[in-house]
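Pasting the structures in now, so scroll down.
Next come two complexes built around chain A: one with chain B, the other with chain C.
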Partner chain A sequence: MVTYVIRRLIQLVIVLIGVTVITFVIMFAIPGDPAQQLAGKNATPERIATIRTQLGLDQPIYIQYYRFVGRLVRGDLGESYQLQKPVLQMIVENAPNTIQLAVAAVLIELLGIPLGIYSALRQFTFWDTALTTTALIIWGIPVFVLGVFMQWLFGLKLQEWTGYNVFPLTGAGDNVLGVIPASWSSLATLILPAVTLGLIEVAYISYMQRASMLEVIRADYIRTARAKGVSEGMVVRKHAFKNAVIPVMTIAGIDLGALMGGAILTETVFNRPGIGLMIYQAIGARDLPVVAGGVLFATLVYVFANLFVDLGYAWVDPRIRLEG
Partner chain B sequence: MSFDDPRAPGRSAHDPLDDGGNVIVSSGAVDARDAAEVAGERLERRHEEQAGDGKRPLTLWSDTWRRLKRNHLALVGLGIITVFMIVGMIQVVAWVTPKGYLAPYPPNATNYDLSPEGRGSPPSWSHPFGTDYVGRDILSRTLVATRISLLVGVIAVAIALIIGLVLGPISGYYGGWVDSVIMRLADIFFAFPYILFVLLIMVVLGPGFQNVFIAIGILGWATYARLNRGSVLSVKAMEYVEAARAQGASDLRVIFRHVLPNTMAPIYVAIAMGIGGAIVTEAALSYLGIGIQPPDASWGKMISDYLSYFWAGSWWMLTFPSIALTVTVFGFISFGNGLRDATDPKLKE
Partner chain C sequence: MKKPTRRWRGLLAVAAVLIVAALLLGACGAKESTGNGGTGDQGTPVAGGTYNYPLSANPVSIEPVNAQESEGMQVAHQVFQGLTKYVLNDKGEMEAVPDIAEKWESTDSQTWTFHLKKGVMFQAPVSREVKAQDFVDGWNYVTDPANESFVSYILAPVEGSDDGGYQVDTKKGLTGVKALDDYTLEVKLRYPFAEFPQTLGHTVAAAWPVDYAKEIGAKKFSQKPVGTGPYMVESWKNNQSVTLVKNPDYWDTSEGAGPYIDTINMPIITSSQTEWLEFQKGTLDYTTVPPGQVAAAENKPEVKSGQWTAKRWPTLALYYVGMNMKDPTLGQNAELRQAISQSTDAQNVINIVNEGVPLPATGYVPLGMPGYAEGQNPWAYDPEAAKSTIDDMGGAPTLEYWYNTDEGHQKIAEVLQAGWQNAGIDVKLSNFEWGTFLDKLSKGNKGGGSQLFRMGWIADYPSMDNFLYPLFQSDQARTGSYTFYSNPEVDKLLQEARSTMDAQQRYDLYLQAEKQILTDMPASPLYFYRDFRVTNNRVANYVHNPMGFTDMWTLWIPEQAAE
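Entry: the complex of A and B
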């Protein structure tokens, strides 16, 4: 296990270096002249030259990169062109809403596990076909289409039918400790976006869980257990369940990071404050530090979620530790 | 054995995965059946092989097709893909003709059935999908937008595939430090949440048609490279590869002539899923305003353009492109999944 952890940590360091190099290249090497950007369109050449020296843009590229990483480590992600505000501050303000959304979506997507197992145990029956078909259809719906549909059905129509505004269409509520909804109305703003984001993952997870369960119940050790006269319930609960669920749990864990990507679209559709909406608004203004900062934040969440999932996986399944 | 057994409701009598109590009887019976079936198939195959002319032996593809045929969802997916491809190719071809499109109305022409309040008009006989807020025909726009989706799907995946299928086999075949470098590079590309990475590249490159291809294409290679490397590793040790090498075939020839063709099954699955993914990604970029730019019609762009009119009561503008997008993506996902199940030896019955 120790060797595995060390190997995995070395990989993490390489990935982090790679991610910072790519972000650096994207932010500083490609998009024209950042000094010009900062100084504005009508700046004099002298002013641009001063800014260039201030930013260290006249230094060799590896020194610039070294300084860039140094700033990152100190939490300095630069300043928004648009709002003249430190990007880190914007991320700190917006992150809790996004984390709340992603965690809620992960909790919802876990529903896919029992659905997938149910499907697999009743392969080729009506309910299996119905569940699998529904899962594939939902899986194919783009999150921004599903979001509008949910808003229409549960926001607008439900209000028309009941005369009561159950789910607000947009916005976010106050939270306790950053991420726990402080009130019912705050929870109500979370439900539709979380279900939208979670439902697509439920579909995906249930499909994967079905496949994983089908593979496991065909395995020799299940046949052996049955041959020994173990009851079917026992076979499913004791022998098949764990082996079929662990691979899917890792997918669910990795999804926490992938949901950071889905969150940008969900937050845009629901006009819900968070990292996604922050990035979306920055795109319109071509506010590169904010976009890059937001992407970097989401990437770090993703990378560390992956790390913990991998370590957890290796801990419960010794075979993983030995693989190359 | 009873169909009403509460521990195994809905199971059919010949299901090999029957419950514990009956396992010996049933599995015995099943094994016999299976054996008969297998033997029958073998006979059939031998027969086919002997028949020689016209009939071909059971290859990987005929076996896959045999299993795929039983998966109705996958067949629906294949049907959707076929229709989408045909419509898309017609639109691509029509694009270069002097007229520039093949649809009932010019996709960017305005003032058809424009209501006085400027809200377009609902579906009618002359405009089956209705018209939009400047009186453009939604059906024509939805049809013409197919070309963007098709081109993005095919070109972006082709770019990713070419990079992936050069780096993957090299990585798996040579191993050592070459392998380490390529795979660590893949790790780094995997570390970014995909849609956000594409978005970042798009912000840098600026919106537009070619940039969508480039962004989606260059970021997708790692999937194919990693998949293919795994297959190459397992094929590399096979005797026929050794034989080819013993005959003095060059590394390149061994990789691309002998190893690669035998490692393609997972790649075909990834291509189907990848095209679906590229189509959604383009739609998402255009929805966010940094993909395809007006006046070109794209499903994602249409959805975001018509959003406010949807809330104002004009449901038709948004609904039809949404359905087109969802159905297309469903087609690729369901065919891709069916293909995966059909080529997965572990799921063989």
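Entry: the complex of A and C
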């Protein structure tokens, strides 16, 4: 197990190198010059050249990358071109809201498990068809469209109809212990973005859970259990569910990392100050250190989520052995 | 497992019907009424309340050294004051009037003497009087290249500065600015410039306590800067919000000087869709609207009932079609350029692409500029005349039109292409990313120069000079308008205007220059931008001036009187 973890951590370094290289190449490939943006419209070519030199942008991409990595190993992610603030500080400030959002979205997406089981146990009935069709439709909705719809329905119209401002459309509240909403108003800012991000995954999880359950429910040991006269409830809870939920939990775990991507759009729509909004704004300003820092953070979350899922998998299912 | 019972199905059906009915009611239920909206009750100002004004991006900076884009400058506009300020006069033009300066004089438009008001105070915690030396220190600071100001070019006319607004010799500093005594500031310019006071309402030239900023550190100062204005920065949470509060010790106690509203809450909302929804929810008092929703916003019942105002506010900005005068085909063929201008269908572009918001441009200098005159373009839209010119020429060569990669610019290019096609001018469209686009435009006729291209210009300060000189003066036209236009007669007129102290005579000279440039037609003016904004009439006296600023200290909330 220890060897396995060490091997995964070594792989992590390779992944991080790959991710930073790709981020650098993409940021260089997309149009726009940060020096020109910073210099303003009336800047002389000399001024733009000076800024380029100050930021090190006059160097070839590999030199810039080398410098970036050099700083990175010393724990320095550099400074934002635009805000002239350490990127690490920006990540520390913004991460709690994103972690909160991703965790809340994962908790919401777990609703897909009972829905999937319900669907599987009623295969080909009206409710099974209704649930799977709805899941497919929701799964196909882009997160920014769903986000605006949620804002309109629950943020705007609900207030018009009831007179109560239950769900704020934007922002984030104060937290305690870093990531726990400190008040109802703080929690209220989390609900709509988390439901938006989570709902699409509910659809996905329920679909996966249904498929997994259908496979398990037809297994020999289930038939044996039923033949022995075990009650249907017991068969489902004790035998089928435990086995059918393992692959789905894996997906949910990995989703914690994958939701970091969805967070960019969700945080932009809901104007929620987090890593996603930070990356979005930095891309607009061609602020490479911030984009690279944000992407690194997201990658770390993704890789560690994967690692914990793998470790958890071995723990839940002792048949799986993690080989070093 | 049980199947869903009939009772449950029935309940679900009822719930579904209720939801659908509620949605329909929500869509149709808003009360219908008629009437035109205004910008709020114009009664007697009352103090108190909070004004909710969103910023569409995190400001780059909110203090004089680097406030440069609309968000940062809007914040700085409430906090800082300069020697002059811009007010909207009765003709709807932005005029520079004394602010911290009481008056100024110059005989040759090259050496200026500004007399400062006494009793102008910096906000707490500095709380000391502003002296002429503060301007000397501030201007020296922003023009020092070490301080990396990106807006110092506004001070480029001052002696000791280069064209980019940076000190030629940092040891000597900005030699042209001197405090003759505590309340007298002398400014020597590198060249005569009669519109110089018009430039000094820009934030970069504002008064700020350099000594205090150095004491607490530039970074700390940039987060919570101190000026002399009616509002103070309470907090700036990056990417979240800026909060301003009323300056309790505001030096200007004259009637109507304000401020009235206690707090200005500026949440940073990057999505215009979200901003528009927040406005409708009542949490904002001002909003832009997302693309494609101008008509829908204008038809909102709240607008018709006068609860909100939806308005197109003129701004000092121009969109034009440039023509490369170094191109062998276009540069030597005035008739072709005239025909292009006459077949440039601005109204169609405005209606099809811009939801009817901008105004067709009648010259280069936009509406709202002091001295503006309508109908300057002798080659205004006249497709028949254009067609007849092209026919007389025996047809036109195929031309290329360049734009920087952007969906909006592409749509505009397509509408323009159709208009030119109707006049018999075939135009091929090409697009490039911004950096490449500028680089290619600056090449002239060397290595594949441009022919026709799109370009825009936004005023740095309200002066005709700010449009005509940087865009069309011979030395500037290469990277100003990218047209490589050069006409000694125009250069002479612009120079003469800069040396003319009498405002009307000066405007006449600028207008003559504008007319001459338009006659030569190196660029066809397409439209003057207007900002479409919806505002809540809960707040009285809202004005969005042509520089895009709102003097928030003049706003008030009538409902505060009832509380």
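In the analysis below, the second predicted complex is superposed on the first by the 247 of 324 C-alpha atoms of A that agree within 3 Å, B and C clash if a C-alpha of one lies under 4 Å from a C-alpha of the other, contacts with A are read in each partner's own complex, and residues count from 1 in each chain.
Everything that follows uses one rule, which is that contacts are C-beta pairs under 8 Å (C-beta built on N, C-alpha and C of every residue); 3 or more make two chains touch, one makes a residue touch a chain.
Keep in mind that what you see is a predicted model, and the values were worked out from it rather than measured.
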First, second, both or neither for A:Glu232, with chain B first and chain C second: both
First, second, both or neither for A:Thr50, with chain B first and chain C second: second
First (chain B), second (chain C), both or neither touched by A:Tyr280: both
Contacts of A:Asn271 with chain B and chain C, given as first, second, both or neither: second
Partner chain(s) touched by A:Thr224 [first = chain B, second = chain C, both, neither]: neither
Which of chain B and chain C A:Ala298 touches, first, second, both or neither: first
Touching partner for A:Glu160 - first (chain B), second (chain C), both, neither: second
Partner chain in contact with A:Gly140 - chain B first, chain C second, else both or neither: first
Contacts of A:Phe124 with chain B and chain C, given as first, second, both or neither: first
Doubly contacted chain A residues - partners chain C and chain B: 31, 122, 125-127, 148, 152, 232, 268, 280, 284
Contact set on chain C toward chain A in their complex: 1, 3-4, 22-23, 26, 57-58, 60, 68, 145, 148, 150-151, 153, 163-164, 166, 219, 237-240, 267-271, 273-274, 277-278, 280-281, 283, 405, 433-436, 438, 458, 460, 470, 479
Touching residues on chain A, where the partner in the complex is chain B: 11, 14-15, 18-19, 22, 26, 30-31, 122-127, 132-133, 136-137, 139-145, 148, 152, 207, 211, 214-215, 217-218, 223, 225-227, 229-233, 235, 257-258, 260-262, 264-265, 268, 279-280, 283-284, 286, 288, 291-292, 294-295, 298-299, 302-303, 306
Chain A to chain C touching residues, read off their complex: 31-33, 36, 38-47, 50-51, 54, 82-85, 90, 93-94, 121-122, 125-127, 148, 151-152, 155-157, 159-161, 165, 168-172, 232, 268-271, 273, 277-278, 280-281, 284
Chain B residues touching chain A - in the complex, by the definition given at the top: 7-12, 17, 19-21, 23-24, 27, 73, 184-185, 187-188, 191-197, 199-201, 203-205, 276, 280, 283-284, 287-290, 300, 303-304, 307, 310, 318, 322, 325-327, 329-334, 337, 341, 346-347
